[in-house]
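You will see subunit A twice below: alongside subunit B first, and alongside subunit C after that.
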Partner chain A sequence: MKRTLAIARKEIIAYFTTPIAYVVFAAITVLGSWFFLSLLGQFQRHSFELTRMGRDDMLAHMNLTDQVMVPLVMNLALVLMMSVPFLSMRLLSEEKRQGTMELLLTTPVRPLEIVAGKYIAALAILTTALALTLSYPLLLSAFGSGDQGAVEWPTVLCGYLGLFLLGASAMAVGMFISSLTSSQIVAAFLTLMLLLLTWVVGWKAVDVEGAAREVLLYLSSTQHLISFANGMVELKDVVYYVSYMVLGLFLTHRALEGLRWAA
Partner chain B sequence: MIRVEHLSKRYREIVAVDDLSFTVDEGEILGFLGPNGAGKSTTMRIITGYMPPSAGRVEVAGFDVFEHPLEFKRRLGYLPEHPPLYPDLTVREHLGFVADLKGVPRRKRRTEIDRVAELTRIGDVLKRRIGNLSKGYRQRVGLGQALLASPPVLVLDEPTVGLDPSQIMEIRELIKSLGGEHTILLSTHILAEVAMICRKVLIINQGRAVAFDDLETLAENHEESGRSLTLEEIFLKLTAA
Partner chain C sequence: MMKTIGQVLGAIGLVFLLTTPVMYFAVGAGWNWLFTVQLILGGAFILACTLTNLGEVSRVATGRGTFYVAFTAVSSLAVLGLLVAGNYLAYSSDLRLDLTKARIFTLAPDSVNTVNELPEPVEVLAFFRSDTPQYQHLEELVSRYRRAGGAISIQAVDPDREPEKVREYNIHLRGNRVVVRMGEMSERLSDLSEEALTNALLRLTRGAGKRVYFTTGHGESGLDDDHDEQGLGLARMLMENEGLEAVPLRITGSIPEDAAAVVVAGPRRAFLEPEVELLSDYLEGGGRLMVLLEPMAESGLEDFLESWGIGVEDDLVVDQNQVTELMGPFVTASASYAQHEITEAFDAMLTLFPTARSLIALDIEDVKRPTPLVLTGREAWGSKAYRRSPITYEPETDRRGPLPLAVVAEKETKGGAWSPQARLLVFGDTDFATNAWARQAANSDLFLNSINWMAGQVERITIRPRHRPASQIILTEEQRTFLSMFSINILPLLLASMGVAVWVLRKNR
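For the complex of A and B:
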């Protein structure tokens, strides 16, 4: 455990000296704010029109959680998927490139401790990035008023749990890819492609029917976020993300063991 | 302390190490010689558990790498050919990290870092970022990291490469003084260094041992026209093939 934490701490220092962590935080904040402001603008225009037309019945269905936070969570998922490859790319490829794998593998550290330490560090950065975007619902709850303005925190937090699971599963996959190459660029690019693939695979679902449709939707990474975003934790979604996570971690561990045999 | 039995290593078609066997007794400093590409670094990478051999086995203090990897590695300090250092960390951060990996207790960490910094004369660069250090200083930090936690067995791959003349002398003295307490396998291309530090040498050529003897015995066994050859002459003769 001590060694795991030492590796995690070293990794976090590297995130901030590189300084990829700051870049990703900035990108997430900028893009997140843009999505947030445009959703908020839409909400205002919509409420305004409904008021003008006197449609109080429809106005009653408008609220900040459903019209702003739920779509925002889905938008943030996109930002997250674009960011994770840049957080995972250096995890193992950099150790290979700069030869420090020779240090890690000749000190009394288990490969499992290496994998765990790096993953913990990556998740810490991911969590911080997500925490920054919590400022949007906080702003809403500070300035929103009345029934419409109230933020339903259980729904919002559930959406964030979904985002965390999505990011964590993507990170595990990215870490595995990073263990395959000594080039950070190659690792980032391959991870991005793979994440895009698991994203767009769901789009094909509209063309097909029956079992094929179900399979495509099941494979789609964002499809599993929809329930979370709407405030529901469903077992099949949790299983989906957790299995990606376990698979990624398991393969990384295998790759670390195998690395020495392949040399 | 170190026992190597019938060790072989193939990199695809290249045979880097070929049926190599030797032992290093407790407290002994064994000089490890051989021309470029002879397989010294490869042998050391296998002995330290970084790479598995194609055949044969290695034991350190009675532990086999595969059966007891952690016990084995706990007893080893290793300075690889290219010192593995994190350029983004400061020297102190880096040594602290390695001390953690080696399981140095938290409260002893600082004194342990200061101890090796004193030995390898890096006390004045502890706050500098490793990426900005000169080659010689990096080499010394690499040696310092091998010495952290005082492992009984040291494997040093060309430790004096890149050092200035006065540092070379100091580091040689240091290594010599570590003998007795530590068991050391030392590779180098400087034959004078071997004569100065070691009593025994292992010379390999194309992955095979061509000499494994005390320096004195080696000199006695290689005489030409009534005078014993220098280590240099013996080296050239044995590795000519």
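For the complex of A and C:
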């Protein structure tokens, strides 16, 4: 455990002393803000129209949670999937490139501890990235108004839980790919492709019926975010994301074991 | 040389084999002979690789790497299997937690009770493509009922791909597109809300064996007449498809207690005084009476109908427009309807009425003015002197269109024996519902909607749609500027500056 935390600490320090994490964070906030501002603009235009037409009945249905936060969470998922490969790419391939992997494997540190330590660091980075985007609901809370608050926080936090699980599963996939190659570019690119594939696989569902449709929709990673974004935790969604994590971590572990065997 | 070629072939073979299952799904057109070729080629390449690299293969197979490879392969498959099983269990469990404040994704208790009292499994047929927001909303809604323990399933029907089903269920793409089926019976959803679905389920549960009585003995059109042009055999069949039983009724003692509605379809001889009395009592007790009249025939019901605010003119409607030109001047085409549940989805659909008489919605004291449901076009007129030939428009006596061809009256009858709301619907024509004309234009829709509305229950469950509490954001110009500046400029700029700082510091170290 101690060794795991030591690896995690070293990795986190490495993240914050190289520019890549900051670049990715900046990119996430630029894209996130773009989505946020355009959703907010739509919301304002819509309520302005309704006020002008005197539709109080429809104004009663307007709320910042449904019209801004729920779609924003879905948009942030896209931003997250584009960014995670660049956060996960260096996890193991950097060690391979610098030749420190062999060194690490000959120490008494077990591969399991390496995997756990690196993954904890990756989750810390992910949490930081998500925390930055929490500024959007906070801004809504500060400037918006409503009888029971401007945004419904349980729903917003539920959406962020979903985003965290999505990001964590993407990180696990990214870490596995990063264990296969010593090139960060290759690791990032392959991870991105794989994540995009899990995203678009559901698009095929409209062409098929019955069980095949269910399977395709189930495989789609964003499909499992919808309930979270709306304020529901469904067992199947949690199990889906956790499965990706388990698979990614397991395969990474096997890859490290393989390196040890080959050494 | 042979070795290298073998290795290249081996790698290609591996790609061929591994991509086959993925591509099978991606192409999505079933098994193709090209996939078979792909598999055979993949296997052959790997075989070639093995044969040309026998030395390496035997070295790996006997080396210490073998244990690792075998263990990894077996354990990976085991983990994958466990994960798939776990996901399947989670998928089937339907377990969920509604974290919203108003519990907007949780069914109302009335809905839970209704779905648990279903006598038979229910299927929801949604005439939407499965990727439309409407279908996805409906799918989620139905899953809530299933989670509550109901035997209910949903299926999407793509109207473009299955036009025969659209015809079979008589779906109008601008009207109600969701059919709820239980056994032989079916109901339409008025909208995609929980309230609509629960009420449809309620109607199905209660509506089993709903009976509509058709009076006999006054020369009415026959229910069992399948071949005669004047018969109502086709109408009876259409009603049965909707779960309504059409039963002939000879008015003697009283109207049966289980009557969902009573229909008088085209009487040619007048009703006797006591018979009218019975019908009047029935209506006062919350009955549902639908009367289809014909011109040139005394029904004996005229005074009774007038007391309900529906006047019957002794005329023959003449309609000369382009639509009816081919069918003659006595077939009235109508495309103008009142705002009413019956004609909700009609828009400008045509209905045809051969030889009709016109009606009047009268203003009578103590009676709510009835609603003209169907109107003729402006070109039509009601000829009073229809026995003369040729028929011409007489400005002094004849009324000009639009003339009401169907009028509906309603009255609250609290504590009535049949229902708390009496409904009276009168048509100035019978032919539109007969074997010869029911399939023409939108006639069958008009007839079935009318019957369904007549036989419909008034009691319905009201479920207030739950939604999140309203909120607003009103920004001053400065606030708006700050919001934009902060989120799209200051925040990323800070982060980027930190990145640049770290980069410069590392470079100089």
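Remarks
Basically, the second predicted complex is superposed on the first by the 258 of 263 C-alpha atoms of A that agree within 3 Å, B and C clash if a C-alpha of one lies under 4 Å from a C-alpha of the other, contacts with A are read in each partner's own complex, and residues count from 1 in each chain.
Throughout what follows, a residue touches a chain if its C-beta (ideal position, glycine included) is under 8 Å from a C-beta of that chain, and two chains touch if they have at least 3 such contacts.
Since the model is a prediction, treat every value here as computed from it, not as a measurement.
Steric overlap between subunit B and subunit C is absent once the structures are superposed on subunit A; the two fit side by side. When both complexes are overlaid on chain A, the residue A:R3 reaches subunit B alone and has no touch with subunit C. Geometry note, superposition on chain A: angle between subunit B and subunit C about the Cα centre of subunit A is 150 degrees, to the nearest 10. Of the two partners subunit B and subunit C, more residues of subunit A are touched by C. In the superposition on chain A, contact is made by A:L235 with subunit C only, not with subunit B. Of the two partner chains placed around the shared chain by superposition, subunit C is the only one that A:L132 touches, whereas subunit B remains out of contact. By the touch criterion defined above, A:V151 reaches subunit C but does not reach subunit B. Judged by the touch definition given at the top, the superposed model places A:T17 against both subunit B and subunit C. After overlaying the two complexes on the shared chain, residue contacts for A:L105 are found with subunit B alone; subunit C is out of touch. No C-alpha atom of subunit B lies closer than 6 Å to any C-alpha atom of subunit C in the overlay.
Applying the stated touch rule to the two superposed structures, the overlap between the subunit B and subunit C interfaces on subunit A comprises residues 17-18, 261.
The touching residues of subunit C, counted against subunit A in their complex, run 25-26, 28, 64-65, 68, 72, 75-76, 79-80, 83, 86-87, 89-91, 93-101, 104-105, 129-131, 156, 467-475, 479, 483-484, 486-488, 491-493, 495-496, 498-500, 502-503, 506.
Interface residues of subunit B, counted against subunit A in their complex, comprise 45, 48-52, 69-71, 73-74, 76, 78, 80, 82, 84-89, 93, 97-98, 100-103, 145. Across the interface of their complex, subunit C is touched by residues 16-23, 25-27, 29-30, 32-34, 36-37, 40, 43-44, 47, 59-66, 132, 135-136, 139-140, 143-152, 154-155, 158, 204-209, 213, 216, 218, 227, 230-236, 238-240, 243, 246-247, 250-251, 254, 257-258, 261-262 of subunit A.
Within the complex, the subunit A residues that touch subunit B are 2-3, 6-7, 9-10, 13-14, 17-18, 98-110, 260-261, 263.
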